[in-house]
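Shown next, in structure tokens, is the structure this report addresses.
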Amino acid sequence: MKLVMAVIKPFKLDEVRDALTPLGVQGLTVTEVKGFGRQKGQTEIYRGAEYQVSFLPKLKIEVAVASELVDAVVEAIAASARTGKIGDGKIFVLDLERALRIRTGETDGSAL
Amino acid sequence: MTPWMRGAVLAAPMLTLAALPALAADEPKLDAGNTAWMLIATCLVLMMSIPGVALFYAGMVRKKTVLATMMQSFFVAALIAVTWMVAGYSIAFGNGGLFFGDFSKVMLSGIAWNEPFILGAGMTGTPDPTVATTIPETVFFMFQMAFAIITAALIFGAVADRMKFSAVCLFIVPWSLLVYSPIAHAVWHPAGIIWAWGALDFAGGTVVHINAGVAGLVACLVLGKRVGYGTDNMSPHNLGLAMIGASLLWVGWFGFNAGSSLAADGRAGMAMLVTMVAAAMGTITWVFAEWAMKGKPSALGAISGAVAGLVAITPASGWVFPGAALVIGGAAGIICFWASTALKKALGYDDSLDAFGVHGVGGIVGALLTGVFAYGMLYKTDDAEAALAYSGILYGNPDMLWVQAKSVLATMAYSAVATFILLKIVDAMVGLRVSEEEEREGLDVTQHGERLG
Amino acid sequence: MTPWMRGAVLAAPMLTLAALPALAADEPKLDAGNTAWMLIATCLVLMMSIPGVALFYAGMVRKKTVLATMMQSFFVAALIAVTWMVAGYSIAFGNGGLFFGDFSKVMLSGIAWNEPFILGAGMTGTPDPTVATTIPETVFFMFQMAFAIITAALIFGAVADRMKFSAVCLFIVPWSLLVYSPIAHAVWHPAGIIWAWGALDFAGGTVVHINAGVAGLVACLVLGKRVGYGTDNMSPHNLGLAMIGASLLWVGWFGFNAGSSLAADGRAGMAMLVTMVAAAMGTITWVFAEWAMKGKPSALGAISGAVAGLVAITPASGWVFPGAALVIGGAAGIICFWASTALKKALGYDDSLDAFGVHGVGGIVGALLTGVFAYGMLYKTDDAEAALAYSGILYGNPDMLWVQAKSVLATMAYSAVATFILLKIVDAMVGLRVSEEEEREGLDVTQHGERLG
Amino acid sequence: MTPWMRGAVLAAPMLTLAALPALAADEPKLDAGNTAWMLIATCLVLMMSIPGVALFYAGMVRKKTVLATMMQSFFVAALIAVTWMVAGYSIAFGNGGLFFGDFSKVMLSGIAWNEPFILGAGMTGTPDPTVATTIPETVFFMFQMAFAIITAALIFGAVADRMKFSAVCLFIVPWSLLVYSPIAHAVWHPAGIIWAWGALDFAGGTVVHINAGVAGLVACLVLGKRVGYGTDNMSPHNLGLAMIGASLLWVGWFGFNAGSSLAADGRAGMAMLVTMVAAAMGTITWVFAEWAMKGKPSALGAISGAVAGLVAITPASGWVFPGAALVIGGAAGIICFWASTALKKALGYDDSLDAFGVHGVGGIVGALLTGVFAYGMLYKTDDAEAALAYSGILYGNPDMLWVQAKSVLATMAYSAVATFILLKIVDAMVGLRVSEEEEREGLDVTQHGERLG
Amino acid sequence: MKLVMAVIKPFKLDEVRDALTPLGVQGLTVTEVKGFGRQKGQTEIYRGAEYQVSFLPKLKIEVAVASELVDAVVEAIAASARTGKIGDGKIFVLDLERALRIRTGETDGSAL
Amino acid sequence: MKLVMAVIKPFKLDEVRDALTPLGVQGLTVTEVKGFGRQKGQTEIYRGAEYQVSFLPKLKIEVAVASELVDAVVEAIAASARTGKIGDGKIFVLDLERALRIRTGETDGSAL
């Protein structure tokens, strides 16, 4: 199993979720994060004091998926989250050793 | 002898006559209508401090200092209330010398609760220098207390995010007694020196706004810049709160300015009108200036402009017509925008929430333009000759601008020096500023052991 | 000739007499008590817009448009204040034709600041068509300005989350001059056409609420639905703010309705009472309807119901007894609940915050029920015959319902058409709506360069 | 016969005379000034509940119950408004027996809207037991309604986070009719038993604060502690909101106390002054006590102390001088601090927001100290002999302390027993408390289907 | 070492922490997240506009533990976070290569 | 590639970012978290009810870096985030299998 972790633009969440559902992804977890990257926020001059808004609001999505699904999932996220503008975000894939559904105790594949 | 309440000497009987039977002319009586208005005007002015200034300021700081900022209004209100009762009121409004009142009203000794209040009662002269009202002294005392409170609260905007709470307390009590009360006496008491110069300050351009603004400027210079100033993001953590605060300031300011008529009369109505117009114009010019210069019209600009307009109309509010209010408010919006951005940046001080840039500069704009636009006939409706002494250059009194400038300079000088000395004393006693680590951690946790959210 | 203030023609002298010596009957004088009440009523009505509506609306939008929503109240208040002073007031309350006033009061030229205001002064007829008050015109001007402001602010609830700030500014100024002021003139000026029909609108059921509601409906139809409407979660981001806003609306509404008596008299007291009762009933019926239909009594339902009840009692508030207020408030709660849920869903428009569903529909309910429950004796305490012209069908005047319906239809038609034309012009100039991407990003950042929290 | 409004019997004509022509002495007339003040005082007291108490309480609970807490003020306000109109007012202020009024005013039948109100009109005796005012009964009704509302809203602070919304509704309506109204009648109606004892309660120390505090205490005992009490972090989720609430309470309290003079007179002015001083002192002593004991001066302490001071001065506010206010407020700050921390911890009950610790205990402190500091001359300015009956032990009336203690005990006993019975009935009907799972999940979602943020 | 990442119902936090302490777990990191899964929120009809509340508030717990502790930790979390109702959440286990305590510079086992 | 995950004291964020930039780190993702650990919050007695503030505000930083950079990155974070007081936080390193830049589709090394 793999844990796919993607950082995306906030307003793309619904599209990403809708792109994953047909693949059989039944769950995911979303976190509000701040991203620092090539995309620069405006330079703000707040009442005379200048500073660069370097941390921009992003969403981090974590989806645990079976290994054979991972390519499809990465592609689906990449396609649905893309706007083509700087700051679209990243997708990271980590190896996942175990998974367990708390309610039932099911493990691994059937826990997802 | 000229300040605002002298208007009342003559106008109050005259206006009130409208609603009173003949005998009222002989001996002033309590008037329920005027008392009702002053009771509620007092509520409005107190609401300007808590929650008005508390919200206005707390919305503009970073999240880690929200509660500490609110305490700088809330707890200071409590401290000043007691200070004012114990001695502040007596220093300001007791008879006495040119610079401060005597101690006859300490602890409110002998306050008459059921008779119309006469300011300066016991003074003699020709013409009669006293100011007669138709409200009880308790109400006058409370109305003025609310002014003492808001003046104190305004200062701390300049040093947001870095002053010790113990230093706040130790500084503000003597400041109110030794800076606020004497200036109030000088400007608003018939025995005061600035009153004697003939300066016009209807509702506190010098006493409240220039005074607080200059004290704030001195304080932020003495304390130094916030850690990270100029590099860290110090943008307001919740402009929604600041917007509520600004709205309550706006509404409350009607109590401030129209209440300064001390009666629910025609002058109060006109004061309210010009206050509204100036606030609106300040909002509009600041926002348009910002839109033109920085590309976006901000909510922060709108509320700043509103307050700038309100500050500037304050000294003028009982003396000018709506057209003048358009000019005063509009000028204040642009000039305070410039002062809070370009000027501050150029000079490099860290007046965190622009206590000086808005209140100090706005107060100066207003005080000077009062010397231009004041129309003496606004209370002396019949005697054009005598009205000249209350008129600005536009209405034939070229000296007025200089008189106003003199009152501005005197207020600035005294406030700056006295504030500086008091801060140095407090610094020696407990230290003014929290440690760098505490500042990073935030005043809420380090000063009050609390946290928002 | 019938509207609310005519009451004052007769009642004001009569009621005020109670507290005034004999000479007052001859010639009206400024009354400090009435002036005090109208000064503070003005503060209350302004507080309804800032921060009232600002909070009420800002609490119901998504987090990314909070500041923009507040600006639609705050900055609009500033714009309308100046607009009203420059020309709006003259168009509404200058003498003139059936549809709008003349330009005699443009820039407040010649406003008398120290004499009792007489609406329509200079008009003649039998009976005397003018409306005498005992407050200065400055105060009447300010009170009415606060109405012009809140009407403008209410509209934008319908198009929340998607209108350009530049379009907001360009639309609202001519709207106030060409839609608000003429309707106010038609209904509230003795020369106005709807006044001539004999329609009753004590505090603004047609002028304020139906007008704003219909303008909002037209605006949301012209702009189209929010992106994601019907699928995305658009639930209120902070109902706590909305609840503060609703509470300030509730409290401020006493200034709105009881202030419309233009005096602190028995009618003002009764207006306050029926306002409270209707607000409470609206709250209760909406919440219980929701509880029955959807299983849970929501905070959003409570505040919506309160506002619905307040809106509906507005045109009736100076004309009805507490029992009628129970019915009017209760009916409004249920009908507006239906309009804002079932009806809106059925018709499929996206009136984001239900400016039409609550203000438009509530205003209609109130205006019509005024035609049922109005009790003319409420100001003509002695002449039952003459009172008939101010009574509803329940008190023997079967025509009144039709007169009211006519005034509702006329207001709706004019407001809809004129709003539509103005929106189309602004659309051609700068475009009404932000781009889809900007809408997704949120108005706070894209329009104002700011962000909450 | 002694309570507060008797002051008005004599004082009102006397004071009002100042502003009225001779004929007013013969027959009371509506006074616009007094009416203006009472209209706005009513607005202030309503604002204390919504949004005052709503915010004060909502800021102190956990985030998951913010909206439910606000509903306990907002929806309860609506329920009590209708309850009060239907029968509560008649039970409280109808003539009748020692314990409750008759039903002559049910549904406001026959309310006079355009005549000065006389409390107890129709009663006879020597001296005349009625209380004459110069305001319409509608306004008196509304002012008292606002008291009935806030009393009801205060109770729920004690059971925050765990009471079913249906139980809140089912409990509070009969509570208002069967507990609040009778106590109001006993204390404030000339026919009432506690009035007959000669107890002094100017603005509601017993009727409002002790009553609500005791009801809250009983309720939190009956419902039991919050799940996790003593181990989980239950610190306030947003003290900023609580601070806004406390500020609005402070400002609104001027309407509460100074409004209880029922006129804009000298007594109202003095009541406002002592209210301010006591609030300030309560703030200062609570904060300093906390600073000394726990090492940090907290914002929560400041707002708690302010409310404690305000509560304690309430029964005394029309009877005492500023010096006494210093003592009363200062004592309340310290004693309520002790009650809300040490005492509560020792006894182990979970009065979530200290309805009892602040309102109950503060009310007791105030009621007893009124028996010490009351100065009868404050309204009987001429007759020292007669004034004795309104004086405390400090001014020569040693019995007064016992009379006050008796009124406190009677209120506590009746409120406790009646509240207990009503809660048990509601418990049997629908259950008082949500399930443990719902409590964990939070009342917002489980009771109202909504969530903050 | 392993990184145990669990998504749980918010009100279970204190129970989970109390279940871990006896195992010798001395630290953990908690994040507020929104979960999308089989558990569906209510359908909300907010003033006429219908939508499904599909993202529900959850807490994500991250605990770094020595490899030999991982079974006990997973079991403890599973047991203490279970309500038996849908939406109880998941436990994921990832391999952790290194750990370092910033204060002392201690690494791996002794850093936890 | 590795994913470096660090839990730090909130006010250290800017210093950490400034320490990473010279190493060529062009992006990172920040999350507000609550940390439970050896560092104990004050015991609060809120109006008579005592409780221990056991969860303290921290920031979690996630940086994906090329494997050869990981030592430098860990060191830079450790150095810049250290105050020497308890509660300074931890650094964890996980193996990262894939990375993808959504905007361009670039993968792995060039995606960072």
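Every chain is named by a letter (A, B, C, D, E and F) in the order it is written, and numbering of its residues begins at 1.
One rule holds for everything that comes next: a residue touches a chain if its C-beta (ideal position, glycine included) is under 8 Å from a C-beta of that chain, and two chains touch if they have at least 3 such contacts.
Keep in mind that what you see is a predicted model, and the values were worked out from it rather than measured.
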**Complete:** Shared touch partners for chain B + chain F come out as A, D
**Request:** Could you work out the angle of the rotation that brings the CA atoms of chain B onto the matching CA atoms of chain C, rounded to the nearest 5 degrees?
**Result:** 120
**Request:** Report same or different for the chain C and chain D interface, where same means the shared residue numbers exceed half of all residue numbers found there.
**Result:** different
**Asked** If you average the Cα atoms of chain A and of chain D to get two centres, how far apart are those centres in Å?
**Response** 54
**Fill in**
Cα centroid separation, chain A vs chain F, in Å, comes to 18
**Request:** At least two other chains touched by the same residue of chain E: list those residues.
**Result:** 31, 44, 55, 94-95
**Asked** Of all residues in chain B, which are in touch with two or more distinct other chains?
**Response** 19, 21, 31-34, 36-37, 40, 231-232, 235, 244, 294, 300, 449
**Asked** Every pair of chains that touch: which are they?
**Response** A-B, A-C, A-E, A-F, B-C, B-D, B-F, C-D, C-E, D-E, D-F, E-F
**Complete:** Within the complex, chain A is touched by chain E residues 2, 6-8, 31-38, 54-55, 58, 60, 74, 77-78, 81-95
**Prompt:** Given the complex with chain B, which residues does chain D contribute to the contact?
**Reply:** 15-16, 18-19, 21, 31-34, 36-37, 40, 44, 63, 235, 237-240, 243-244, 246-248, 250-251, 254-255, 258, 263-270, 272-273, 276-277, 279-281, 283-284, 287, 294-300, 302-303, 306, 322-323, 326, 378, 381
**Prompt:** Taking the complex as given, what residues does chain E use to touch chain D?
**Reply:** 11, 14, 42, 44
**Message:** Quick check on the complex: what are the chain E residues that touch chain F?
**Reply:** 3, 17, 26-31, 64, 94-103, 105, 111-112
**Asked** If you look only at chain B, which of its residues touch chain A in the complex?
**Response** 229-236, 294, 300, 304, 340-345, 350, 354, 357
